[in-house]
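Structures are listed in the sections that come next.
Each of the next two complexes has chain A plus one more chain, namely chain B in the first and chain C in the second.
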Partner chain A sequence: MKSGFSLDLARPSRRHWLGYLLLAPAVLLIGLIILYPLIVSVDLSFQNVNLARLDQPRRPFTTANYERLFASPDFWNASWVTFKLVVIVSFFCFLLGLGTALLVNNRFRGRTLARLLVALPWAVPEVIAVVIFAWLFDSSFGLMNWIFIKLGLIDTTVNWFSSPGAAFFVVCVTMIWKGYPFVSIMMLAGLQSIPEDFYNAARVDGANAWQRLVNITIPSLMPVLGVTLVLVMLWVFRDFSIIYVLTGGGPLKATQSLSIMTYEQAFGFFRMGYASAIGVVTLIVCVIASRLMMGRAPDNI
Partner chain B sequence: MAGIRIQNVTKSYGPLAVLKDFSLEIADGEFVVFVGPSGCGKSTMLKILAGLEEASSGTIHIGDRDVTDLAPGDRDIAMVFQNYALYPHLTVRKNMGFGLKMRGTPAAEIDRRVVEAARILGVDHLLDRRPRALSGGQRQRVALGRAIVREPQAFLMDEPLSNLDAKLRVHTRAEISALHKRLGVTTIYVTHDQIEAMTMADRIVIMKDGVIQQIADPDTMFRKPANLFVAGFIGSPGMNFLRSPVTSHEGRAAVRLFGQAVALPAPASLAGRDVVIGIRPEHIAQGAGPVTVEVAPRLVESLGSEKYIYIDVPEENRTTLARTGGTEEERRADTIIARLMNADETSTSGSLRVSFDPSRLHLFDANTQESIQL
Partner chain C sequence: MMRRKLALLAAAAAMALGTNAALAQTKVLKFVSWQKDERGVGDWWASVIKAFEESHPGVKIEWTKVERGAYADTMTTLFAGGTPPDIVHLASFEFQKFADTGWLQPLDPYIKDSKLDLKGWAGQDTCVWKGETVCTMMLYFGYFMAYNDDILKKEGLSVPKTYAEFLAAARKTTKDLNGDGIVDQFGTGHETRGGGGQYLSEMMNYTLDAGGRWTDENGKVTINTPQMIEGLTRWKTVVKDSLTPRDMSAGEVRQLFADGRIAMKFDGPWLWPIIQKGKAKDQIKTAMVPFNPPVGGSSNVLAIPADISNDNKKLVWDFIKIATSDPFQTTYATLGASPPPSPRADITAAKKENPNFDLLVEATKAASNAKVDRIPKGLEIQFNEFSKMIMEEAQRMIIQDLEPKAVAATMQQKAEALQQQ
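Then we have the complex of A and B:
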């Protein structure tokens, strides 16, 4: 046996070395592409920088960005838009997601195809989905105007992208369409982990279908529900491409969420420091919100 | 409380018939055990009784009501599941009260009955815990409690002890029997364990491949098995089977076992028939007796109070009839087991003298597998 410097990772006392060794590439990568930019942007948010360049000397420390931010009506408007989006989109994603999951969880002919169709919007790239919806809601050639007029809901074509309310509605519809399959897939996984005997026991106990849903299905889904809610909320919170491609934040900033505002400040007006400050605030809100949601979840099961 | 009448119930999944013409009359307050190897249809019958599965044909009456096409909740029965099916998000109190709540019983009444049931089962100190904080035995009691708070017409139990360890199973078995005596509610209990069936049942229904083999009380089941399957299934270890041609000897039937002619307490008319002879391991004794044979034990297992002696069977007595299922491991045709109580020191080296009483032998027709009553 060779002794000395040979690196025998199979030895019990060295076994943890192998773990670190295998972790190293991932840690390095995360450090490089997530942690480092994060630190840079926090640092930038405390400087009065317009066009950030790493080879330039640091500007003096200032909280001016934050002061300006909290005094700005644009910021509060974007916060309000984001909040509305998060609440409305999450709510309908859950309603649709749970509903479709319950449907395709049943045993019927063509179930595999139905499951595939439910999951389909999730597989469509965001930008393509947005282009499709932009056409659907087009004021001159769009399908939606035609349907609404045929149904007698409206008497003249709606210009979906120039009225603040209508534009916000279109953004919501697109995001719900794009977001609910994820909820559906998660719920379906959750539903399949509920033992059949729970339902049998409830049926013997005389619970009807609605009582079984409320008393067994929903509580049993709680852990999955919590995690999924956090993921969906975070997705809505930071989603950029749908709004940007659809409305660009307009009209009259009616659909300008925090992520759109960050982008506009950074790459529209080249106020990198200011944009970083918005980003940092968004990050803090997200962390707090998800902590609150996750903190509650384990208590339920 | 009520009796249950099952008439000609069948169940098939497409061409596969899992229950063939099941009829059974259960008296009010009776404890009936369905027993059989897995896949014999016993659980299916229980599910049909509960209304969780539809019968392909036949009718079921609970009390005077025809419940054949009634929803499970309208049958007024309670069921205990193998894995207990306790809702993990509810406390023990709410789990037990769930059925009453679904029926719109007032909260005060629910609470009274839950506390009462919990007291009977000795789980009253656990009422505010969640199921995951309970041990296996405690969960089992809560599952029983959930059934008894409902005060139903009948209890259906689907292998409720199979998730418990051996010691707890024996203990809980006795408790369920005691509970049944106390409450006097008609109970149908499904198990694959013949010991549970023997110890708990007023009557046993033994099933195989969807067909009832025999319905009898435990003693009759043990003493007068209807066929080879029942004989091999009931008892532990199961009955030994030997084969021998039947001859006539001084006006009585006789067989040749272990090289000896053994006269049977049966008429000579049996001669020439193809029979399988069954002898229970318990009925082989040490020392001399009516029929004494000298054997060389192949293996001796000591259980302390008793010993299992594995004895080689002579070529002429070996039966090729496969042992049909049961909880026992498949036994080889060339070995029989003797169960000797308070046996002396025995070893596989020497030879051993054992004996049996021909009146204790069971005879079965080798073709129909039915018992031949002596």
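Then we have the complex of A and C:
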């Protein structure tokens, strides 16, 4: 007996259906976990909502959240703080990450231990790292003040978290310490994939260490560098816990990044619509920045 | 062999069915609180839960701890997702948003039906939102002063009774003891890092004594007044002159005091259990704060979500009735080491256990009589934003060395703008 509908996956023309079928659960799950909240967030950003509830009727469409956002000095301040963090932290993460990767890529006694030490901050949970740095930079009983006074660099204690500049510095140092091992690991993987023949040929041509670095190592690392840069930038862009636990965005909003501002508006002031608007703008900036970085990568290879 | 296996399977199936049936019969009420593991008050909540479960066979309470730092997020998410906890425990500065959104059940019919007498119940007025009672107040406190007797005696100081005496004592006791250039003993201790709510409470020690209030009885902002300017000047003096350790959370400051690194500390009843575990336990004595009136305020509330079934609402109300009953208000005094909000609670046992209990009661009464609350009238809904704004402007005053008069004017303008939002 012939059924009304049958799916013959064995037929060559329908073989690709099997692929779609197998992918379907994962696609559905991604849709549920990523796309649905994203759609809800975009929708909320166009409503005047304080405490949002999914089962409540939709409020009238409004662009008031975006108008208010772009007119808010707090938003531009948070954008500036985020930009400064992204540039400074990414730059130093790369400098330290590349430096340590080049170091532990050499053959020397204790290399395994050195590699372990380089990667160690990456393994430390963010909150624990923050607690360590909060103690190091404690204004009254911290180690840094004690060291600086003993060395004669300062004659009175620095209030690390009461000074906008000092608080920003502490946040940067913590983020760099936490972020550079990732760059280091990625760079090390990239370095190990560069054929030794390139270096031997360069040596025969009389290239010194600096020339080998600039003409062989860096260009060969470019594909890895591009991806790593995007990942580090996105991490700095969205990182919340380090800033929140260390400074809470203060003092005087000196460390208030876009992610901190989003959280504060949503769960501090219960302005879900406004917070969603900040989130959407942050997302768009991240996508554009990533696209620009990734778009440049093939040219550099 | 086969028969035995079948018998075992049948027994297992019967057991599983039995368990399921038992589970089906057991109703579970969800209770989320930040006080679960807190010594004293956590034990009191456990005793209320036990009493409720004993008096309601087949009903269990699933008690979950959520840290205070993540509490507002968690509760907002639970309510927003349509799955609020059955028993709602909120801080007295955050329930207003929930009530204003219509997420909390009005309790007046329940209070009337069960004839619950809330007359003289400390802080209960705060629970009235838009003319309806939406919660029951679980704690109203007043600040007392704890001081390190050894430190004061070493400097030849007596216990301060006024702001001027306090300032002189704080200056004399702030010291670099080992000569390494770092101050390691402070005259007093305030939280200057963390949330706006606590920062506001710390400032209020000085603003209240100077006669200032954030708003008047009608909710009109009254920050730009000579009294508030004087209060801000005092706060600036204490923080800028580093008479308090800087950039510390409330918990860290309390621990420093308990360990003998701070001479005088103003705080609520929760300080006492911390002192008992500190290194300077035997040197610490207590007195009324040298300010009038003391800082005080409502602390936390119990409520019923509007969205749960009527059966569950009745059960939660039973839970609230047990928590607010005379016997449990009496044990609140002993276990929680705090004056209970109920005027009918018997505090004799608490007085015997805690030598400071009379002082705690006196401080609470003084704050209550002066109608002091951390949450200014007319700014309840905007409290988080208001307290954050006050904290930032006060920090700006200290960091940029601004005149308190100019700062008070800015605060006034910003607070009025918040009210009009």
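FYI, the second predicted complex is superposed on the first by the 281 of 301 C-alpha atoms of A that agree within 3 Å, B and C clash if a C-alpha of one lies under 4 Å from a C-alpha of the other, contacts with A are read in each partner's own complex, and residues count from 1 in each chain.
Basically, a residue touches a chain if its C-beta (ideal position, glycine included) is under 8 Å from a C-beta of that chain, and two chains touch if they have at least 3 such contacts.
In this text the structure is predicted, and so the values were computed from the model without any measurement.
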item: Simultaneous placement of chain C and chain B on chain A, clash or fit; value: fit
item: Partner chain(s) touched by A:53 [first = chain B, second = chain C, both, neither]; value: second
item: Vertex chain A; arms to chain B and chain C (CA centroids, nearest 10 degrees); value: 150
item: Which superposed partner A:222 touches (first chain B, second chain C, both, neither); value: first
item: Touching partner for A:202 - first (chain B), second (chain C), both, neither; value: first
item: Partner chain in contact with A:145 - chain B first, chain C second, else both or neither; value: second
item: Partner with the higher number of touched chain A residues, chain C or chain B; value: C
item: Chain B versus chain C as contact partner of A:159, first or second or both or neither; value: second
item: Smallest separation in angstrom, by C-alpha atoms, between chain B and chain C in the superposition; value: 51
item: Contact footprint of chain C on chain A as seen in their complex; value: 50-55, 138-141, 145-146, 149-150, 155-157, 159-164, 247-248, 250-253, 264, 266-270, 272
item: Residues of chain C defined as touching chain A within the complex; value: 72-73, 76, 79-82, 97-98, 101, 103, 180-184, 186, 192-195, 245-248, 384-385, 388, 391-392, 395-396, 398-399
item: Chain B residues touching chain A - in the complex, by the definition given at the top; value: 50-52, 71-74, 77-79, 81-83, 85, 87-90, 98-99, 102-103, 146, 150
item: Complex contact set, residues of chain A against chain B; value: 195, 197-198, 200-208, 211, 215-216, 219-220, 222, 300-301
